[in-house]
Every structure is written in C-alpha cells, then in structure tokens.
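The same chain A turns up in both complexes below, where it pairs with chain B and then with chain C.
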Partner chain A sequence: MPRKPETQKLELVCPAGTPSALTAAVDAGADAVYFGFRDRTNARNFPGLNFSPAEAAQAAALCRDRGVRPMIAINTFAASGQEHIWRQAVDTAARVGVGAIIVADIGVAAYAARTYPDLRLHLSVQAAAANPEAVAYYARLFNVQRVVLPRVFTVDDIRMVTASQPGVEVEVFVLGGLCVMAEGRCTLSSYATGRSPNRDGVCSPAEDVRYEQEGDVLVSRLAGYTINRFGPGEDAGYPTLCKGRFEARGRASYLFEDPVSLDATALLPDLAAAGVTAIKVEGRQRGKAYVAAVVGNLRRAIDSLADGGAPGAAVSAAGFTEGGRTTEGAYKRGWR
Partner chain B sequence: MDATAAPFSPLLLLGLALRPVPAAAALRAARPLVDAVARRLSPLVRDRLDGLSGTVAVLPTDFPYGLIVHIGADGLRMEPVDVAAELPGATALLRAPAFVLLDLAEGQGRDGDASFFARDLVMEGDTALVMALRYALEDAADAGAAPFTLVADSLPLPTALRARLARHLKTTAHLAADDVRKVQAAVLDPVRAWRARIDARLADMEDRLARAERQGRPRSSAASLRKEPHASEA
Partner chain C sequence: MTRDVRLTLGPLLYNWPAEQRLDFYRAIAADDTYDGVVLGEVVCAKRSPFVSDATLEAAQMLAHAGKDVVFSTLALPVTPRERAELADICAMAGDDLAVEANEAGALYLLDGRPHRIGPYFNIYNADTLRVLAGRGAASVCLPWELEMSSLKAITGAGRDLGLTIEVPVFGSIPLAISARCAHARAHGLAKDGCQYVCGQDAEGMAVGTLDGQTFLRVNGTQTLSDAVLVLAQEIPALVAAGVGALRITPEGVDMIAVGRVYRDLLDGATDGATAEATLRTLLGERRAANGYLHGGAGAGWETMNATA
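Let's look at the complex of A and B:
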C-alpha cells in the first residue's frame, strides 16, 4: 500500500484573464485564482484582457462562494507622480474582498500594509526576491505572507528559502510561459518597443507585434524588428525577444531560450518535499480552453500525490505548449 | 496541419456542394442571418473592444465564404465575404480551418495561442485587435452567445426551439466532423500502413549498412545486402 506523504497538500493557483477563464479555473478545481485590473498595474496589460472593478467584485464573490481564494495581481512598479493609480488598485482590491493581493513594488507593498493591515500580501515574482534575506526583509517590513519565487530556482534553492524562512509561504511556477530573465528587471522588450513589462505591464505589447506569412514561412516582428522566422510546419512561439532566433557568427539560433513551455508536473513530489506551499500556473493571456485543461490536469496530479500516488501524466499532453515542447526549466537545468 | 491548406472536413464538402450557387447570391442569402448574429453579439463584446477599431477578416480555409468583422465606436458589424475576393480594407486577418475558428469563438478545444503555436491558425495585421476580439468572444460565449446559439437565436423560431436547434446544430457539426475523419482514415490508413512498412524496411537496411561499415567491410558490400531476403519476405 503506498505510503501517504507527510507534506502539506499543494495549493493550486490559477490564472484568469477574463471572467470566462475565471469560471473555467474554478470549475476545473483551482484552489486560488489570480487576475488583474484593466490597466498598467498588472503584468498582463493586454487589450481586451483583465477585469473592470465591477467584474473583479463579481469574480471575488464567485470565488468565495465556491471556496476558492481570489487574488489580484498589482505587480508592476508604480511610476513616480502616478502612484495614485496603484493605490487605487489596492483600494479596489480591498473593497471587493479579495483573499490576497500580489505586489512587486516596495511602495505599493508599504501602502497596502499600512492601509489594509488585514489584507493578505503576496510578493510577486516580479519583485525578484532571490535569496532568504530578501524574503525575510519583505516579511518583516510589510508582513508579506507568501513569496512567489523566480522561475530560475532549482529545487535545492527553493528548499534553502523554505528552510530558512519557515514563516513565509513559498509559491512557485510549474506550468506555462517560461520567463528566463530576472523578472521585474528585464528591459529587453522596453528596449524594442518603448513600453515596459515592469512599469506598463506589457512584455511584447500586442500593438507592436506583427506576424506575416511569407509563403510557408511565418515571420514574427516586434516593433519592426524581425525576431523569428518559423519554417514550414515548425511549431511557433511567443513574439518575445528572449525567445527570438538571432544570427550570430553566421548561424541563426536561440541565444537565450527556445520557444518552449514550462511543465514541472513530474516534480510536484520534490516541490512538496521542499516545503512549497502553492504551485502556480502562468497564462492570464490564454483562453479558457487552456485554463480548463491544464487546471484540471494539475488538480488530478495534486490529488493523486496527496493520496500517495504519482502526479500522473505530464500536462504537456494536452497539446497547449509553446513551440510544441516542454521543459522543466531551471528546476533541472544548469543555466541561470 | 498547414493553416493555409484546406483540411478534409464537412465544410469542405458543403463548399463543394455549394459550387453551383453564384457567390453573389450566396452572400445575399447569408446577409440577414449574419446581420442578426452581429446585432445579438455587438452589445456583449462592446466593453472588451472599447477604444479599438478596425476590420478583421475571418477566413476559413475549407469553406468558400468567411466573415468581415468591423469593430468601431458603434460596436460590431459583420458581413459575409467570398474568401477568394480582394479584402483591401482589412486591418487584420485570421485564417484557419472552420472548426479551429469555431473552437476559438467558443473557447473550446485548443485556445488561440495553442492553435497559433501548432500553425493551425494564421494571424496577420493588427494583433491587438485580434487578441481583444478573441477575449470578447470567449466572454460572450459564456454569456450565451456561442456560435451555434447565435445562429439559432437569429432565426425566426420560438425560444424553446432555438435552444434545441443550437444543441442540434452543434451535435450534428461534431458528428459530421467525426464521420469525415472516419472516411479520411479509411482512405489513408492503407497508405499509412504501406508507408510504415517502407519506413521499417528502410530503417532495417540502414541498420545493416551501419553494422557492415562498423565491421570494416568495403562499402560496396552494402549492395549485396539488397539481395538478402527481408525478414518480412522470408
């Protein structure tokens, strides 16, 4: 008979870019759903995406009714002289009764901690808290209760944080887009487009993205720069510079990272054993079909693990992956 | 799948059946239905499309007719279009097999990103407008405006019948797609089996050749291998 693990059951944190995606996540078994407002206060500030204050209130109510924790991401960095936009977002989140807000900016964290001491604070991956001392600092100053670790940590790195900061919950990404840069500090997209992922909430703004078919070849451009050419039948990827294919010494190759999706489903037992509290799915920009499929698969994987079984088949089987491939990212690789 | 190629599908067959009908007559006949669908859809997508404007050409690869979607301050308008016609006013273009487009509008199957990654969906022009339209349609589908429901609701029928018709249309479409896939499999499976045998035989010959080269035999001896009976022929 399989032995039941002694670790805590992992919490499943899921993305929602629209109310329909949120409903899909809740129906598929999310423990928590995170979403953002329709402005530059969140890191998925794409056209047509995100929640109005009224939609956020409805979403929070739906989550509470279904026993799911609603979280609002206010995870960009407040522009000087425009702090009121970020404060207003915190005020709205507190008013609609979310279970937590996810912040990156120290000023926003300070405002939230001071104004709404009972509002649970999570530290966004955008804050790039990459060592135990940084995590302790946020916990001590702003009573941050959970930190989302960068996607470049190994399982041993994670264990080091959980062991040294037992009072702070740790959340890690296990599925979705793989950002290989120091999140919150990357300026590649800003350099090309003039708009910042960290201040405007958009990496590769859709307004700057153009795709063209040149016969059977798909060409992707960002702000006029050609960043990839996908050959006939070759799986495509997102139009981000970090996954662009560039020519160096006469050879075109991926200099930073291939178009590939993170899928660390197989590592769930290791993550649970390392003291991780919650696992996160990236993809607020994805459709509800993606949300329903991957959340359902991860729900089954977590439940299986909690019952002493294996996490089951990799989520990549669902066929939703960038470049048609998956990786276990930094959890297993040497680069950082 | 190549998104620019027409897959074998029920709509491909329907399109062939429609060939005798002049395009102008078909477009004129479709117009009232398309207008009614747009009127029903427009208030449901206006909020998510707020501040955006442009024209998206939605072109199935396996059907002779598509849609032009006009987005502006007054909401959304649609018009049927011959996919072979010039579309000079389009600011964005979506081209995919009809069932990929239907899944996209309904938020089922694979999402837009996955279809794009798999090259089942071609998107050109104003990316922001297409993304916003996609999010708006997904939310509208949840609000009771999924594609088949929209079509049924636009017909002059009693309310109860509309809901039944929408379910029937959806079921029939998917059954037809399944049937067509079965026909396709029946035609292609013998070819695939033949190809698998050829591939296996080729792999076996390459393996023998590699082994022969490792053993230091002269390369010309590979020719003699061809005279050996293949395992499946012995």
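Let's look at the complex of A and C:
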C-alpha cells in the first residue's frame, strides 16, 4: 500500500528490537523504524534483543527499499575510557546508511556532528530537553534536526516548543511504557541494582528480579528490595522500580504511578495541531505480534485523521497494554 | 592534606520555611568552615515565592562573610513560570554573580558567558566536559552516579581544561526528578493544588518497601535516596585525582560539624576512618552509602581498608 508523504501528516516512528519485529513494523505501515546495536550503546540493552552491524545493514537496506526511514538509537551516555564503543556505533550507523541517529550524550553528539555533518541527528528522549531553550541548545551546538520530547509535557507545553523552535522537528511518544521520572535523569535503577538506563541501557534489569511466593502472596523483588506484593487474582507486573507499590505516610500505594501504560491515540489531532512532526511507539522489547498490531492501528488512525476522520478506537483495544490500563500521561494536565 | 580543595555547601533541597532557612544560613555565615555556598531553588518553582526573599538575604549575608555564593537553578524547568524564573536568574549571571546550570535550557541561556554546571547535568565522559568547557563552563560538579575510574578521567580532563571539578561527598542522593509530584500524590493531591505538603517533611517523606525496609525519600517532585552519601575514606583518592572542591548537601543534622569533619580531613588533622566514624555518629539512625563511587549499587556500602 503506497503512501504519499504529506508534510502535515504525522510520521509514525516504530520500534524494532529484532529483525523480525522490524519487518513487522514495515509491513504494518511504519514511516520510520528505530533500532539499536547489541551492546551498551542503546537504551534497550536487553538479552536477545538488538542488531549486529550486519543485521543493521540488512535492516537499513530493507527500510530503504520499502520507503521507510531507518533510525539507529545510540542513546546511552558514553562510559569514560570506553568512548570508542559509542564512536564505533556512530561510524557503523553512518556506514550502513541510516536516515538518522538518535543520541543523548553530548560527547557522542559532538563526535557525530563533527565526523558526519550530513548524518541527520535526532535528540533522544534520554537527553531530557524539557523546554524550548534546551531544544535550542542542542540545535545550536550540534545541528540537531529533531528532538524527542520527554514525557513531561502537556499538549500546550508542546505547542510552546514548536512555536519557539520552528527549525527543529518534534517527536513525541504516544504509546507504550511510560517513564514517570524525567528520562535520562533517573538513577533509581542503579541505586538499587548498580545498573542504569544512562550507563547500561537497562532499567530494573531482569537479572536482579525475583518472584517469590509467600503463602498466597506473590512478592516481586528487585535486588532484594520488595517492589510489590500481589494477592490472589492480582496481575503480577514486572517490578520496574517506579511502578512499584511502596509505603508512605502509613499507607501502601502506587506512589509514583499506577501500573498503566501510555496511550495518547485519542490525542493525535491535538498533537498534530500543536505542531508535532512525528509520533513514536515505545517497545523495542516487545514481540513482532505486538508491533504489528499497534503499528497497524496507529497507521489507520493517522490515515483516518489525514482524511478528515477521527483517530478511531484507542490502540489499547488491541489488548496488549500493561495491566490492561492506559493513561494519556502528562499530555493531560491533571496527570501532574 | 591540602588547603587548595574547597568545601562547598550545596543547595538546600527541602522545603524549609523562610525563617528556618535564614537561621541556617546565618550560622553558616558566622562560621569559617565552608568556602562556598550554593543557594537557590532546584526542586520546585512553586516554593520560590515563599523563600526567594530569604534566599536573597542569605546571599548578602554569606557574601558579606566572604563566602563564594552561587545561585543554582531548577533541575526541571518546563512551564512558562518555571522558564521565566530560570531566565531571570541566568540574566543576572556575570563576573559578580555565579550561576549554576542543571539542565540544557540553562546552558542555552548562559552560553558563552562564564558559568558553573551542577550535578544534575549528565556528564559521563571527558568528551562531554570538553564541549561544556568550550561554551563557558568554569566549574563543574559531577553527577552522583560516577564511579572512581570515570571520575578520575573526567577530573584529569577538567584540570587540562582549567576547570574546577567538584564532587558530591555528603548528603542524600537525588535519584530522580519528575513533572509529577509524588509528595502531593501521597496526600491525594495533584501538583497544581499541592497545598505545599512537602513543607511538612523537613527531610522529605520517608518511603519504605512493603516489607518495611527504608528505601527512598520523596521531596516534592524529587526522589532522594534514604541512605546518606558519605565519602570520607575516599577523600585522599579524590584529592589525588585533582578534585578541586567537595560538595556537601544540607541535611537535618549539624552541618557545621559535618563541614568541620571534611575540613579536618583536608587539613590532615584527622584520618579517613575517624572522619567516617564521626560522620556516622552525626547521622544517628540514618544509613550511609558509598556504592556509586565504588562501581556498585548506589545504596551499597563498601567497607574501606583503613590501612590502605
């Protein structure tokens, strides 16, 4: 199904943790696909995921054949003394011919901008550019052409960015996991486990997770810290630290965020009107069935919107969301 | 050890009332332990109207006492009001007023003028430091998460660039900042109508696991470690690496006594093991942590070999 690109039409940016997920995203109607290398240079450094340099080359070629923009995320912070690993990742991305690299670290951005001035630079959400001035900073220093906004903005806040920085495209998350904390500025994971998104590309790593049955209660622990206790019949979610149940003021609660995932499908018209260029799906750790379903749904929503229709049913109807519950997150003012 | 290493009292992170702040800084000004003091609201702009007069008064008092006074800035300025506050502070930056940036928006506003960078900005390698130095950074406080080998490499690069490198050595560790306020949420409120409930907890709201283990503290939109960072036996190695200043974050303990421990350590008047024991006594029931510098979990405690 050929599509005519239109400037106002939202670009659909989709995750691929594996070559088969990438094919699924392309088949389901992605405009762009992002993926990472199989090492610490990307923020989904999970066992069994990601691409070797050869797989990245094949993926980039497949995307180009299908008119889809391939993007490589090199969005962790380069470890001191090991900067060459991040530079090599940039070199490889430039060599395989991607449509953009997505970076967070200033050292990595400087290397890419200096070495490959024609390679399109996108600023990762992990860089946490949370105001128009921050966006302008990265555009000025590294000629960053697109910024993935942190999930801290209301739709009005987004408009403030697009209006004051018209030269920089804005990409926002609309679906998937939701960081409650400003991304790239959270070390809860390494405080408990020693490994963090910024340094290691992992949050609340699986190696540190234990599920233990205590009577009829299932306890989830992360590096020995109890993150949740589930009674009979309760869905036992993954113990991501900020999604846990804790005790404060003598009361147990989901202190930071309920076990929900982001679904802003209903807000697509508002996001488009606010000047957003691209919408992003989180989930490089998800399987190809998930990717195919949610990408297909968003494809139809965007096309329907472009034809003057409604975005259609929220993607959560696909039944793939965490805990079965969704939120529109910070995009709606009351979330804060 | 050396008199070249300076002691900096970092910004007060908690929502103390104006009078308590003034009393606190009056005592700091009257004492010669700290060389520098960082003032200004880092966590939540909603607190600013209630404390900004006290902050300005404290700044005058501290400057008059000969302290190097620095104004810090918000860790997460997002709304127009927060951005306006940030712009006001950055506009004052110059030779007679040092301003500390904690995110890229402040760096944009301070670009090309001399400025400082606080520990909330992600600096994990020397390449990043070189870029920041080229835009006017004169002094940088490194983030809490760094381990010793990174810290040494970045500090070495900083020395070559003529930068002062500062390292946090004492205080609760800021672990996260959010647009949402978990403190208000725990009271059944949203951030917009928070009723300033963070002011009820002088050292943040204790957060335990469901098994009763102490874990975190919530300070408005910020999440802190419950354990207090205590680097004492590590100080000689930090000094040897070329660190130019030690940052001590205010907690609800005798902060002049804490500062004196570090001053004595730098002067060679006490040793690391004794300093550590004294700091632990000052902390009372609070747990100490030093894991990040040793390459482990931040909450961990690495026992140092006192004879090493």
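In this text, the second predicted complex is superposed on the first by the 315 of 336 C-alpha atoms of A that agree within 3 Å, B and C clash if a C-alpha of one lies under 4 Å from a C-alpha of the other, contacts with A are read in each partner's own complex, and residues count from 1 in each chain.
By definition in this document, a contact is a pair of C-beta atoms (placed from the backbone, for glycine too) under 8 Å apart; a residue touches a chain by one contact, two chains touch by 3 or more.
Computed from a predicted structure; not experimentally measured.
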item	value
Which of chain B and chain C A:P19 touches, first, second, both or neither	first
First (chain B), second (chain C), both or neither touched by A:Q285	first
Per-residue touch tally on chain A - higher for chain B or for chain C	C
Partner chain(s) touched by A:A310 [first = chain B, second = chain C, both, neither]	neither
Partner chain in contact with A:A192 - chain B first, chain C second, else both or neither	second
Which superposed partner A:F46 touches (first chain B, second chain C, both, neither)	first
Contacts of A:A252 with chain B and chain C, given as first, second, both or neither	second
Partner chain(s) touched by A:A61 [first = chain B, second = chain C, both, neither]	neither
Which superposed partner A:E234 touches (first chain B, second chain C, both, neither)	first
Contact residues of chain A, present in both the chain B and the chain C interface	none
Complex contacts: residues of chain B adjacent to chain A	2, 4, 47-49, 52, 103-104, 107-114, 116-119, 122-125, 127-129, 131-136, 138-139, 141-142
Chain A-touching residues of chain C, taken from the complex the two chains share	75-80, 82-83, 86, 103-109, 111, 120, 122, 124-128, 130-132, 135, 144-146, 149-150, 153-154, 173, 175-182, 185-187, 190-192, 205-213, 215-216, 218, 223, 225, 291-292, 295-300
Chain C-touching residues of chain A, taken from the complex the two chains share	77-81, 83, 104-108, 110-111, 127-134, 136-138, 140-141, 152-153, 157, 160, 180-182, 184-188, 190-194, 196, 198-199, 219, 223, 225-229, 242, 245-249, 251-253, 255-257, 330, 333-336
Interface residues, chain A side, partner chain B - complex	17-21, 23-24, 46-49, 52, 205-207, 209-213, 216, 218, 230, 232-238, 259, 285-290, 319-324
